[in-house]
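Quick one: structure below, then a few questions.
Note that the chains are named A, B, C and D in the order they appear, and that numbering of residues resets to 1 at the start of each chain.
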Amino acid sequence: MTGVGLIGGGRIGSLHAGNIARHVHARLVAVHDAQPAAARVLADRYGAEVAESVDALLANRDVDALFICSPTDTHVDLIGRAAAAGKAIFCEKPIDIEMASAARVPVMLERNPVPFMIGFHRRFDPSTRRIAEHIASGDLGKVEFIRVTSRDPAPPPIAYIQSSGGVFRDMTIHDLDLCRWLTGREFTTVFAKGFCLVDPAIGQAGDFDTAFVCLWAEDGVHCVLQNSRRSNCGFDQRIEIMGSLAAASMDNLPATQTSLLGPRGKDSDRLPDHFPQRYAGAYVAQLDAFLDAVRERRNPPTTALDGLAALQLADACAESASKGVPVRVHPLAQEHAKKAPASELIAG
Amino acid sequence: MTGVGLIGGGRIGSLHAGNIARHVHARLVAVHDAQPAAARVLADRYGAEVAESVDALLANRDVDALFICSPTDTHVDLIGRAAAAGKAIFCEKPIDIEMASAARVPVMLERNPVPFMIGFHRRFDPSTRRIAEHIASGDLGKVEFIRVTSRDPAPPPIAYIQSSGGVFRDMTIHDLDLCRWLTGREFTTVFAKGFCLVDPAIGQAGDFDTAFVCLWAEDGVHCVLQNSRRSNCGFDQRIEIMGSLAAASMDNLPATQTSLLGPRGKDSDRLPDHFPQRYAGAYVAQLDAFLDAVRERRNPPTTALDGLAALQLADACAESASKGVPVRVHPLAQEHAKKAPASELIAG
Amino acid sequence: MTGVGLIGGGRIGSLHAGNIARHVHARLVAVHDAQPAAARVLADRYGAEVAESVDALLANRDVDALFICSPTDTHVDLIGRAAAAGKAIFCEKPIDIEMASAARVPVMLERNPVPFMIGFHRRFDPSTRRIAEHIASGDLGKVEFIRVTSRDPAPPPIAYIQSSGGVFRDMTIHDLDLCRWLTGREFTTVFAKGFCLVDPAIGQAGDFDTAFVCLWAEDGVHCVLQNSRRSNCGFDQRIEIMGSLAAASMDNLPATQTSLLGPRGKDSDRLPDHFPQRYAGAYVAQLDAFLDAVRERRNPPTTALDGLAALQLADACAESASKGVPVRVHPLAQEHAKKAPASELIAG
Amino acid sequence: MTGVGLIGGGRIGSLHAGNIARHVHARLVAVHDAQPAAARVLADRYGAEVAESVDALLANRDVDALFICSPTDTHVDLIGRAAAAGKAIFCEKPIDIEMASAARVPVMLERNPVPFMIGFHRRFDPSTRRIAEHIASGDLGKVEFIRVTSRDPAPPPIAYIQSSGGVFRDMTIHDLDLCRWLTGREFTTVFAKGFCLVDPAIGQAGDFDTAFVCLWAEDGVHCVLQNSRRSNCGFDQRIEIMGSLAAASMDNLPATQTSLLGPRGKDSDRLPDHFPQRYAGAYVAQLDAFLDAVRERRNPPTTALDGLAALQLADACAESASKGVPVRVHPLAQEHAKKAPASELIAG
């Protein structure tokens, strides 16, 4: 039974808290939030205590692992303190919106080697994993092309946009991580183009609400990503990967398996409202993977370097969209990888 | 080039006339209809002549083959006259709504052995044939169960209902033929139940507008058919056949391959309006099969005996629905089959 | 927080135990099984204690509600004892395979009015509920026809078959309940036919492995059910319901939303292995409904009368399959309903 | 009845010849091919005569309209001669692989105004038209994004590649035309990237076998096209168009409406082999549109300017892929449009 402390009782924090509370091998010990009332709600709902400060949470000896679900600009500091306290760490993406700041995390973890996992939950989605299985089994032959469609149902509040780091670092980053993970490639060129088609306020905030991204590796494996802040049809999440022998695709998960056959044709059920509905199973599987790694004192499967590499690609997207030309990327993952192999056991 | 005469310029006659006129190996020579104006329309449209009488049509030496598309109660008489005139014959189903009358046809054809084909067009539908291929290839293993759904978009006029012979002889007969053809079985017991849920006038005409039929063979192969005169969603035509290894199904053919993804979900395009849209390809393939047989002076693949056997099952449906109990059927096809093997060449 | 005791640590008992342990508003207090080792496994896994006897379990004051997951022939006795002890009761279906015995349960509950729920989990499946919503909203117009396909992946052991009460009481009973629930009808005539196509040993055990059932109500609403003990393609669960305006269907839930497009076409992912995979969400929602009712001291939504009515229809199936003719059913639910309205609050 | 002459008895010429011969309002009068034997085959099959020369064909007074299906480098010359002879002209795409040469055609047609149609058959595909209807009806709201996937089953012979003008002018050109037609936009920037992943011989011939293309208009409407010379799964043709309210997509047309449900899941039927199977209906509808325009002496719906504009975009793709940066396009269609409005009647 792993004791878990959680910082940040917002939307994603609440989602994790529920999963932790329901998990047979975990216990939600304490919750901290800058706004004590938010921590209180979760603590009461799930039988945990409220930690009045981060220090109090880190000093709690029942807390084996920390979930960092607070605002992005607090992540790096909290990672450092939690690592120093010897806690296993799960951190929501992104590590930071600034590469320079995020790059401090591997150094911290080298100094205090604790299990660290970055929240790229999509890697744990059963459909996404099935695609990975098709690749690994050779069903697809040689992988050539990936297409990812990620569209939110409707734009978030402008305040969120303003602190998000921009659509590429906030939204595309998940797709960029998928491309790396599914292909095992480090992409070396990025071409991105952003538009403001949904809400002029998003443009005034210096961001795009619609974008496409192309990226490719030395050997010709290429990806095209399509993002929008507004689908008007729910949470639209699709992947297609084409190989020399076959193509695998992940279609949307409808709300139910029902359809209605009427005069206009056959209507499937609506898409999931948003990520908590679509990726409910992925979040649970991600938690399983984290708890397994903590119990076995080894590195979880999504590392700080994965977080850095995806952020680097997102930075390249932003630069390409700004300059209007393709941008070269010099993969840092490989260098770091020498120092901190993802599969290495951490001394207990 | 086969010269074709056609009797009956109604809906199905027009459909056949168009296919004949467009066929590279056929020529529409002459058209007869009890109402000369109807014949005139088709003749003008397709560059044929109007035959003022059946005798004139049968006397026309350019007419090698006759399409009988006139009302059902004229079929047997016309078959006899055409056979006597040595014309190859395509006759729309059913041969007759009375078994005793229909049973005269094999005798006529024994006397005047001409190529004779009954219009069970669904056997020629590419999707239906693909199911037959799955059975033949062993993909399904041992066949156990067939389900057929046939629903018309909306009821025909009451006048049509009144002369149709009832829903089982008019509509179910196609499904009954499919069950025989797909399984290669002669079914020995029938249980049918009819309802009047759509239009009370249909009940007043002594018919049902909604029905299900169950039939099974000695070895346990069984079928369930579902019929309705009103789907309210177009022409609903589905087949599912379950075997020991797999199940094959034929789903509806949407009007186009498009769908619309919106707030309510993903909507496929509407079903075909009715049989001319759904079975356009089947009618062409049926014509191909008929012309091939005529050219090669052999029996076409759907025989008079197929017409009789399906009618016999339809009679059993009507009897079962009337009595409320299962009805035994003594397959006649086997007896007749000894005398007129379907694949035998006809002496030229 | 409702304290739950559970009797029967087999397949379905384990499934319920896990859901109870994960539920935020429930606590698995104690487990009893005739084989103590089975109880021990669940107790250890979920932090519960082992009850050495039923009496000990019922005497435990932390146990507010009892889950009866033991063999069918123990159900009625356990219900009586649990009701006498004032425990809320969840009982797996069927109440009993003998109608006379099952019919004692409403009497028991009248004497000791505790919340009682019979395990018809499919009513809580999100897709099935979506169909119910389409009916309730009027999307379908007047309901006319239901088709249910239920096929197990492969037959259970012969020992299970022998004590199952036969395919109609064991397997079809779920479909029969769905037909009642979805249409709100009491069906008055049943025609059923069974076959032994899968395993002769099943026939030797006096049972069928393949069956179809037709049932209809006075107003012409009719159902056709198709059952098989072996699909060879996973757990095949489909519903279609046709109304005057539209048809709603529930298709199978594939293991994932992925498909593979290769030379043979587009292959969707495989079906769920069996009911725990397919109905995982339904079991959780059923538990929610039970706990809500217990907390609010009212009757849960699936009652003892629902259990009796479905069993009565299953009996009629067996009788029809045996006699070869349709069998009339005199709905008992209506009489009982007067005495024990499903929605009435139970005095606390 | 329109008399048609046809030049070029290859694959596409044969396809057109069959459609013309089957058309109720057309007659295939004469066929010319540089290789007389090829012309003879078609002439014999469809009851036409062989024209020994282009001049003989153009001199034939029964020839009202000419189908130009000969090699691309003969198109412009033949268009000029046919226009001078007053024949209506259908010309297969592309007009020419050189923009300068192709640009002579509008001038020729201004001098000799005959009905002229370029072969962009996909515009006439019923599914593609359904998407256009969704746009026109407002179902999609404001159009924002189009994605087109076009993948051939397997690469053509290297000889074909060498004279094709390259993948963008040969293959992508259809997708480029679709983007123009569906959005009504002239795209002003193109970014394209080509790869050689399928066959090194294609790269040695100076061409790509795999490519993506991005293009966008001033108002932010953008397109991403994906092309491959080898899908290994048949002819893969898909469109998706996303608007502010909904997204419409055209999925592949399977060979039949059947599927097989087995242990691995539900397998739909295979894709069409290639364009003659997939676009059979589109070619017939295109012929209808041409014949209607000829009969009514008006411009057909796909004009020489459409051919030029698509070629210009294809040129920009080639330039972008060569230079590695986005390329600006200065739409010529608008200028030309002033001189030769697509809908204007041609003096008879």
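For the reader, a short list of remarks on this structure follows.
In the analysis below, a residue touches a chain if its C-beta (ideal position, glycine included) is under 8 Å from a C-beta of that chain, and two chains touch if they have at least 3 such contacts.
In this text, all values refer to a predicted model and were calculated from it rather than measured experimentally.
Any chain bridging chain A and chain B, meaning touching each of them, is among C, D; the list is complete. A centroid comparison over C-alpha atoms places C as the chain most distant from chain D.
Our note on geometry: chain B versus chain C, Cα centroid distance of 43 Å, whole angstroms.
For this pair, chain C with chain D, the centres built from the Cα atoms lie 58 Å apart. If you average the Cα atoms of chain A and of chain C, the two centres end up 39 Å apart.
Of all residues in chain A, those touching 2 or more other chains are 232-233, 236, 245-247, 252, 255, 261-263, 269, listed in ascending order. Looking at the complex, you find that chain C touches chain D at residues 232-234, 236, 252, 254-255, 261-271.
Taken in their complex, chain B has these residues touching chain D: 18, 21-24, 45-46, 126-127, 129-131, 134, 139, 245-253, 255-263, 269.
Across the complex, chain D meets chain A through its residues 141-142, 144-145, 147, 151, 191, 193, 195-198, 210, 212, 214, 216, 220, 222, 224, 226, 228, 230-233, 236, 242, 244-247, 324-326.
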